[in-house]
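By written order: A, B and C. Residues from 1 in each chain.
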């Protein structure tokens, strides 16, 4: 039993008058890796954005509970780690400066050891003082994981986690996902079979499209 | 004896308040909104996008006015109005960047993930506030140097007007910048949306500035100052309440 | 229901017809004797009749703005796009009445004060309202996504609404003006104008026509607004049907 519970009640989303999905119900109360799958355009990114609190559902609601207390939306951001193809870091700063800034604005202690460990895991330690502008797309993708995990979130949401990554990068990601899945709730939204192979319970979005 | 005790008590009270205030200031400086401001400030120092173009804009705007006037003498009341014209257009040139830059580079999403909406607004407001003050001090200095008719006779009144109007300008410009950052054609839309909202502020400030140039007393301008103060408070409240709806999808 | 519709629409037509005829045709004489004669006001004479048309348009443009803002607030709470359509229909009528109010106002201004425009506080306010409407429509046309368009224009509408009290109440008090009821300089001192506003020295008949005109235009506005938002909602639904194939 995890101390974090994620619940969805009859969640539906419309863009204007166009229906994306409806009738999504689930409750994730155990640690582990969960999946969201569906063809392109089925609303995977939309659903994970709603779960992360970045978007509001048109109907229904998502509830986050930590230690049996409901988390209000203003405080939600520090419980969640989010990786997405749309995520962009501050390119005029170095990786290290980016991470320092994130810690300050989250009002979370800048845990030097944890960050150095993460940088090493993702093979970015050598380049930590270089401007993010100089990174390759694979390095930027790996940086996003560090951004998502540095504040030890209870809920990790990964949208297309292996995009732009080579084999070695993918291996690292799968290793980290498995590790996180033991202690926290991880949600992977993807089309890749290898990504979804890690997942237990999976939401198949094409079923919710009436 | 009673006198000594009173003086001692007063001094204790003074020092305790001073420490409280210093604590408040330092806790604000460690706060999240200030961290966001610092990030913007450091980014500015590194790239100098906003400051350079803003400084050039101020020079160009004042030059255009100088050249169009030529050798003519302009009436004193007109200089007061023109002063606020330069301020308005300089604000339109420089204050949208706080939100538009984040939106254009895609880092709005990043900010949404690390801070609550009110923190974001406070941080951006702080940045724009400091930018407005710096910008307007430069404009005021340049303007009084280049336009001889622009003479301030009630300096204290001008200072108060300056501070209150700048706050109002920063607040309104920031919330409108947030709106247009999420729309299309951002540059042209910004003055169009801002002008009606800023109009009460501009009208009152122009009136107050001519009062300052005429040397009116403080009592006579009280109503105008109260109007600007109300404007500041109302716009600040409305902005905080509405920002959530703009910021979240 | 249908019969009732015909009844009130006919009633509205008769009312508007009566008001238009009465407003334009009833003569203005020194000492009104008959029921269809209006009293004369020095300096205004025949032109006083414009009050029957200018004041209702100004009144309606403010009502339209208020309604647009109310439906904006409703939209922000419930995210129902129908509220957005209602807000839009109100704003469409609002800008039309605003243009009419500005034009009738400047015509009256030419006759009463000699110039088409003098930046009197009330004139400045109606001009500001025109700018607000224009900016609102410009904002809407620059956003593609329906949801974003509705929420951003709703926010702008509320912010603009918050500045309106400044124009209506504060400005006329602190600045000199020409409108009846504002301050002006008499004998070198600033004082409340003695010019009549709505205590316009209208006798009973004139007041009656005036209020009838106000009522008639208001009913007309609500009718047009209902037609407007319903057609917007239907148009949207039909477009969605077509695009879905």
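Here, a residue touches a chain if its C-beta (ideal position, glycine included) is under 8 Å from a C-beta of that chain, and two chains touch if they have at least 3 such contacts.
Note that the structure is a prediction, hence the values are computed from the model and not measured.
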Where the contacts of chain A and chain B overlap, which chains show up? C
Does A-C or B-C have the larger number of C-beta pairs in contact? B-C
Of all the other chains, whose mean CA position lies farthest from chain B? A
Which chain lies at the heart of the structure, taking centres as C-alpha averages? B
When the centre of a chain is set as the mean of its C-alpha atoms, what distance in Å lies between chain B and chain C? 34
I'd like to verify one number: the distance from the centre of chain A to the centre of chain C, where each centre is the average of its C-alpha atoms, in whole angstrom. 52
Chain B: which residues touch two or more other chains? 249
So chain C residues touching two or more other chains come to 147
Among the residues of chain A, which ones contact at least 2 other chains? 56
Residues on chain C engaged by chain A in the complex (per definition of touch): 79, 81, 145-147, 236-237, 240
Of all residues in chain B, those that touch chain A in their complex: 31-32, 35-36, 38-39, 42-43, 46-47, 105-107, 109-110, 112-119, 123, 248-249
Once bound in the complex, which stretches of chain A touch chain B? 49, 52, 54-56, 74-75, 77, 80, 82, 84, 86-93, 101-102, 104-107, 147
Chain B residues within the chain C interface of the complex: 175-176, 179-180, 182-185, 189, 192-193, 195-197, 199-200, 203-204, 207, 223-224, 227, 230-231, 234-235, 238-239, 242, 245-246, 249
Quick check on the complex: what are the chain C residues that touch chain B? 76, 124, 128, 131-132, 134-135, 138-139, 142-144, 147-148, 151-152, 154-156, 158-160, 162-163, 166-167, 170-171, 173-175
